[in-house]
Amino acid sequence: MRRTKIGRWWYKFSQNPLSVAGLVIVILVVFCAVFASWVAPYPEHAGPYVNYNEANHPPSLSHPFGTDVFGRDVLSRVIFAFRSSLLMGVVVLAMVVPVGVTLGLLAGYFKESWIDILIMRITDIFLSVPPLILALAITSVLKPNLTNAMIAVSVMWWPWYTRLVYGMATSLRNEYFVQSAELIGASKFHILFREILPNCVSTILTKMTLDMGWVILIGAALSFVGLGEQPPKPALGTMVADGAKYLPEYWWISVFPGLAIMLIVLGFNLLGDGIGDLFSLEEA
Amino acid sequence: MNELLHVENLRKFFVTSRGTVKAVQDVSFAIHPGETFGLVGESGSGKSTVAYMVMGMYRPSGGRILFKGKDITVPHSRRPLSLKKDLQIVFQDPGSSLNPRRSVWEILELPLLVHRMVDRGKVKERVEELLSMVELPPDYAEKYPRALGGGEKQMVAIARALSTEPSLLVLDEPTSALDVSIQAKIINTLVRIQQERNLGYLFITHDLSLMRNIAHRVAIMYLGRIMELAPSQVFFERPLHPYTQMLLSSIPVVSEEEEKLKPGKIVSTGEIPSPVNLPPGCPFHPRCHRAQRLCREKEPGMVEVEEGHFVRCLLYTG
Amino acid sequence: MMQDMLLDVQDLVVHFQVYGGYLRVLDGVQLRVRRQEKVGLVGETGCGKTTTMKTVMGILPQPPGVIKGGKILFQGKDVLSMRPHELENLRRRGISMIFQDPTAALNPVFTVGEQLKDAIRYALGRRDHGSLKEVALSALQAVALPDPSRILESYPIQLSGGMRQRVCIALALACPKELLIADEPGTSLDVTIQDQILRLINRLAEERKMAVILISHSLGVIRGWTERVYVMYAGTIVEEAKTSELFSRPLHPYTKALMGCVPKLTGEGIAEGIPGRIPDYFDPPSGCRFHPRCAYRMEVCQLEKPRLFEVESEHRVACFLFGRKKDE
């Protein structure tokens, strides 16, 4: 039996069935988001569609998640809503990670210098504001739409990466291999990005995976109060809000989007745990 | 007098919440090209601190360090690149001196590029030469440290240190964490390279038997001070300081003839004191089997008992 | 002769389950310890010494460890077929182990006294706090720790390395045992302190009529403190002899090579080392596991695995230079 690197990773990863479950959920969600037009039974319901004859029907064979007040198929809308959720997660992380990580590296390596103090105090300020309040404040100043929601979440999310990397950089800079590089005369750029950063990557990746779930959740919270993706484009939070008025009679309008949010967060959490285990055991 | 390294009255104090730690006091010695100078001692003796000061990792609290005649008593961030090329160090723990996320190739390439040792096109050739110098096959360049055994990692660390063609190599317990058969290979490699290139070595270890086989001159440290310094053969065959005698009598040996070479058994009692609360007088007197009343009061200075043989003990001050 | 065999390990085979197969770590280990005997087990990193001892104590994690064969007889009873409560009894009264790193073996958030009393309570089943403290104090006195009542109140971090090692010994011997396994005692400590620790273990063994298995990679330590030695390489015992005999007449090529590598106080230089590396347990060499690195290898060495041939009384070597399969 050939032993490949991927095979070894899968062997370790699959030791925990929950991690595998997480991976399956995430793959499913991504698949639905990408191929929504083909997967959703009524793709046109994700746009401006109205049919009052079909409104508020409970779950049935033709509409497994029921229909909402405008007669739109809830299942199809949930599948399309995955798109804005995932987009939010990906874009926010793409903006936040480079900035947060770089700041953390600088502050940690130059610990106790003015760089450290400047960066970490700013980080502390951002961290001290309750996240949701900050996001709400920003989105209410700007026009409410998906782009601005992403900006708002990014603004409050970057400090976590700075903190995370700061801690790691602070301890890594005392490692003998970093001191060796310094003694050899390597440039600061080299030490930060080629010696220290590679040793942080596994932790950062794990956090990014877990964060996907949380960013999506915050995004849903924002759209719940009307500050995210605007109608008629479907968004999970908005769908929960719209259906809230009709609880408990037409429960399916809120509950299924809510379950979808839960599923996404759960999936990324389990996957993130699995990835974390994979990296920590690799060192052994 | 072509000295590579000249260390004069070196001192290092650390101020901590529990008091001032006098890690190193009044240390002086010199190393010549082609010579291995051994620094031996137990934990708390300050031997690694001396090495780190030589490398500029610690700033000395007092004293001077001269390299090839020039004063280099500055932290390494203020040292010129040419000095960094000429003076290198190999650390004790091979596991942490190589970046686990970089391949052997990348690790060996770094000093070559920083010091522009070769043109870009010739880097591959040079890396393979370095690997063969430490008797590792060329395909090891692709590997990562975790695929290497402890001895192999240390060989890579040595190759890295030698890649800039330094004149002096500091080796801080390079084989302490390794098995004896692997240590043998590394020591033989180090000796061979030293002879080929006329390198100076500052070799630090707590293993006296190892020191016997590698050092030309030996100094033994206790609580920050050099207690005895002598050419290797003299040090081991005619140790004068009671501490040297005590250590030599405790080392485990593997043959009868070695037993005969050891001084009579001196059972060591008590713990090694912490360098924070140093007893007055000679720092060794609480454990010394030949301590006298004067030893508790007066601190001995370094005395040259015979040519090249120095002892710091009131028994020899006259 | 057989009656006073305290520990008898016969043909122990242990594998570890990993991705793609097994690591065939122990390949038929044989080891015997008599009552009150001081036996050494010497071998380099990765040869399987600790795995063997963990299996003997019943603390080998299974999975990934898998015991594929062999017997471990302690006082006549097979450890491998013991049930959990019998194993517990084994560790209470029979065998104890001290580990290489005393700092890692002590819990940093509990005082020495709390940990010691725990150990005593477990071993002796006493509940009364008064007598627990007395037993704890006498345990600390037995390991020559000065000012035992202060040590009882201290946390491990407040003690030096040598003192921590003594505390570990006190923990291990809180209750009388038949056999003490000392895994590289004092290796991480200074040589004068290690000397004190080995001296202490020796004294306790004599006083309590205890057998000792001393594991070390240092030949010097083995020579100074054992009566009989086993040399281990890559999961097999390659040589077994009285200590004095092993050092005056080492027979196995590995033993001889190892002796050559040890730096000597005579200053005669160090041998070149042993060519090659320790084998990959996933795909170990066929026949004798040492043959790829052996200067004396013959054809038969890669075809068959040599058993331990008796060269003289109490001196056995697993090498075809000293016997053939057909010899009995």
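All chains are identified by letter, namely A, B and C, in their written order; residue positions are counted from 1 within each chain.
The rule is simple: a residue touches a chain if its C-beta (ideal position, glycine included) is under 8 Å from a C-beta of that chain, and two chains touch if they have at least 3 such contacts.
Keep in mind it's a predicted model, so treat the numbers as computed, not measured.
Asker: By CA centroid distance, what chain is farthest from subunit B?
Answerer: A
Asker: Looking at every pair of chains, which has the largest contact count?
Answerer: B-C
Asker: Quick one: report the Å distance separating subunit B from subunit C, using the average Cα coordinate of each chain.
Answerer: Result: the chain centres lie 32 Å from each other.
Asker: What is the distance, in whole Å, between the centres of subunit A and subunit C, each centre taken as the mean of its C-alpha atoms?
Answerer: It comes to 51 Å between the two C-alpha centres.
Asker: Provide the residue numbers of subunit B that touch subunit A in the complex, in ascending order.
Answerer: 55-57, 76-77, 81, 84-85, 88-89, 91, 93, 96-102, 106, 110-111, 114-115, 146, 157, 160, 164
Asker: For subunit A, which residues are in contact with subunit B within the complex?
Answerer: 175-187, 190, 194-195, 198-199, 201, 283
Asker: Inside the complex, what are the residues of subunit C that reach subunit B?
Answerer: That would be residues 44-45, 160-163, 190-193, 195-196, 199, 217-221, 223-224, 247, 257-274, 277-278 of subunit C.
Asker: Which of the residues in subunit C come into contact with subunit A in the complex?
Answerer: Where subunit C meets subunit A, its residues are 19-21.
Asker: Under the stated contact criterion, what part of subunit A meets subunit C in this complex?
Answerer: 1-3, 7-8, 11-12
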